[in-house]
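In this document, chain identifiers A, B and C correspond to the written order of the chains, with residue numbering beginning at 1 in each.
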């Protein structure tokens, strides 16, 4: 595994500098773009702990995002508590849901687990659409944040930057700790991992809870920023796909990979959406996902890091083999 | 009440056959090559859109349009195999997971491509017999449901005949049961898998038309259909043709009968719940021996 | 002497197939015991039962005072049973060193990654893989991978080592090296070894005692010499009617 000791100094230095950016009075457009970038990056970095390190592919993390948004949104509507303060509660609610989902389903492996994660998104959407508490199909309107537009942009910008920083620190810690070791050997071979004493189920559950917690917090902040929640876009599969794409594109073996992927994907997305429209942009992302999986399985970050020798015995026999 | 139940059973079985034909091709590919093709139902939606175009442009009946669609989708299936699957099998370690990601990419590409060309809104396939029904002993059978089910039955029957009574079909089954053994017997794996993809995607086109006779659809509908497909394949057992057919009927029955006891919106929830339950209890499939 | 591993009346069936039927035997501390039998006689199934991957329908397995029968595989590993797999399963994407370090971390409850890597270096030196420690595990040769499997099992600080066909596929020189390694496991690390093996030369040279399985049943147990002349064993292996059998 790669370890240039100074990598993280650069990364956190840049992030801290970005924290000071609002002093330079940038346009709301710039703040808004970076806000989206940081939100997605934080979720992709967190997703990668289970999906990248652990190899348990989830398309369901948007459920945790939506849960965080709705739980904190409801606390704002009913009790007047600001989601910026209750965000950790949103994260906890998401982690609790992750526990409920993960406890039975993390025993499943491979495609079976992934299928369940897709289904949880659809279930969450149906439930929220049909429960009066959440405003159902009308959506949930929240009071607007009490600041002028620019201050508001700065506050949300700083909030997601903090979340990104926290997610990165968490992922970096996991990668170098015993925890990360365990997740990587689970990805390589779960039975062989058990044979050396790795409590696979507990580690997977831990990874799921951590990543759900971060996604829930991002959801809380994001929901408040929108001031209006609707199941159609709080429980949409697209953000899940984006998280996966960012992590895989950047490189799933390294805590920095998803951040690199997020920067690349968000800039491309912005340019494409402006110049060719949403549908064409999403078509291109579909293609990109194919290309990354087939030709860049270790992500762009592997291009910069010392090259690993090619994998032995990875070549198949021409046609698809199970 | 009895009439309602009988009506629900009949409708459920008809819809079930339509679901089943959507699932068999998916199951075939998963069973033979270990590829979980998320884009399978996107191909079905594409067939639905193309039959809509055929009916609007040339006044062609959707079922008649299948004469052109089936060969076209067979070719698409072979192309999919040649362009993507072969490369993936060579380059990735875990084909099952990798295939879920890149076929998700393909599905997303197709969905947004269709939205780009035909718009994201819901479409309905109108035929000469839409809205017509046969009445029999107090129950009514909409012709669209009947034709959809017949298409399903015919396709599953043809697939069964192909797999069990023709030489290439037996080769597909041999590869499915024991890949290396089949290769040792001199079965050209490459051509057999290419054939499997052709057959699978061709069956998706029939399924797309059958589904579109009954339901409205949008480019994003593939996701809803896909969940049904997963449910059927997992209940029926991955790679089992008759299992998928039987599971299709079960799913059709569950969804039509549950409407009798719970509000319509919760029906899908019941199905999703069933899916997760089956996965947890018997991941290898309820109907598999 | 009290046995280290005590297998009492273990039975396991897969559907209609009785893979193990009332198997009972013990392995004493410091012993090297061989488990042989024709293909499909239940040897690997027994390993999987001992190491917790399969639950037996009947019977009990104890390691010293500890009941292993209901433990999950990772708990069995932590309780002091190290195992290798018949088909080698190194963590291909990790370096050789990290393969063993992972075993040290999780098998012993060690929390410090750097300390685990230091311990792994020692173990790699012990099995003779020190110079390969920074290569990806996927690049080793078969005989090196088998050594790596042993090092991984050692990383968990086992009291009992289950070796599943470590000699299969090795050439005669490599077999001699592996035999030497097994003696060192006992003599230098005071380990107890239970090994499934087909390579008779290795079994005869290393094992003090041999247990023979056939169709899931124990049909003989004794010293290599006794087993080599046991009429029932000969019949099972060679199909020879010796008159003494039936």
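We adopt the following convention: a residue touches a chain if its C-beta (ideal position, glycine included) is under 8 Å from a C-beta of that chain, and two chains touch if they have at least 3 such contacts.
Every value quoted in this text rests on a predicted model; they were computed, and no experiment measured them.
**Student:** By count of C-beta pairs in contact, what is the leading chain pair?
**Tutor:** Per chain pair, the contact count peaks at A-B.
**Student:** Going by C-alpha centroids, which chain is farthest from chain A? Tell me that one.
**Tutor:** Measuring from the centre of chain A, the most distant chain centre belongs to C.
**Student:** Just the number, please: Cα centre separation of chain A and chain B in whole Å.
**Tutor:** Once rounded, the distance between the two centres reads 31 Å.
**Student:** Chain A to chain C: how many Å between their CA centres?
**Tutor:** 42
**Student:** Distance between chain B and chain C based on Cα centroids, please, to the nearest Å.
**Tutor:** Inter-chain centre distance comes to 47 Å.
**Student:** For chain A, which residues are shared contacts with two or more other chains?
**Tutor:** Within chain A, residues 311, 314 contact more than one other chain.
**Student:** For chain A, which residues are in contact with chain C within the complex?
**Tutor:** Residues 1, 176-178, 181-182, 184-185, 187-189, 191-200, 253, 308-309, 311-314.
**Student:** Spell out the part of chain B that touches chain A in their complex, as residue ranges.
**Tutor:** 33-36, 81, 84-98, 100-102, 104-113, 115-116, 179, 189-190, 193, 223-224, 227, 230, 234, 265-266, 268-269, 272-273, 275-276, 279-280, 283
**Student:** Give the list of chain A residues in touch with chain B in this complex.
**Tutor:** 55, 57, 59, 104-105, 107-108, 110-112, 114-116, 118-119, 122-123, 126-127, 129-130, 237, 241, 244, 248, 277-280, 282-283, 285-290, 293-295, 297, 311, 314-322
**Student:** In the complex, go through chain C and note every residue touching chain A.
**Tutor:** Interface residues on the chain C side: 51-53, 72-75, 77-78, 82-83, 85, 89-94, 98, 101-103, 105-108, 110-111, 113, 116, 135-136, 138-139, 152-153, 155-156.
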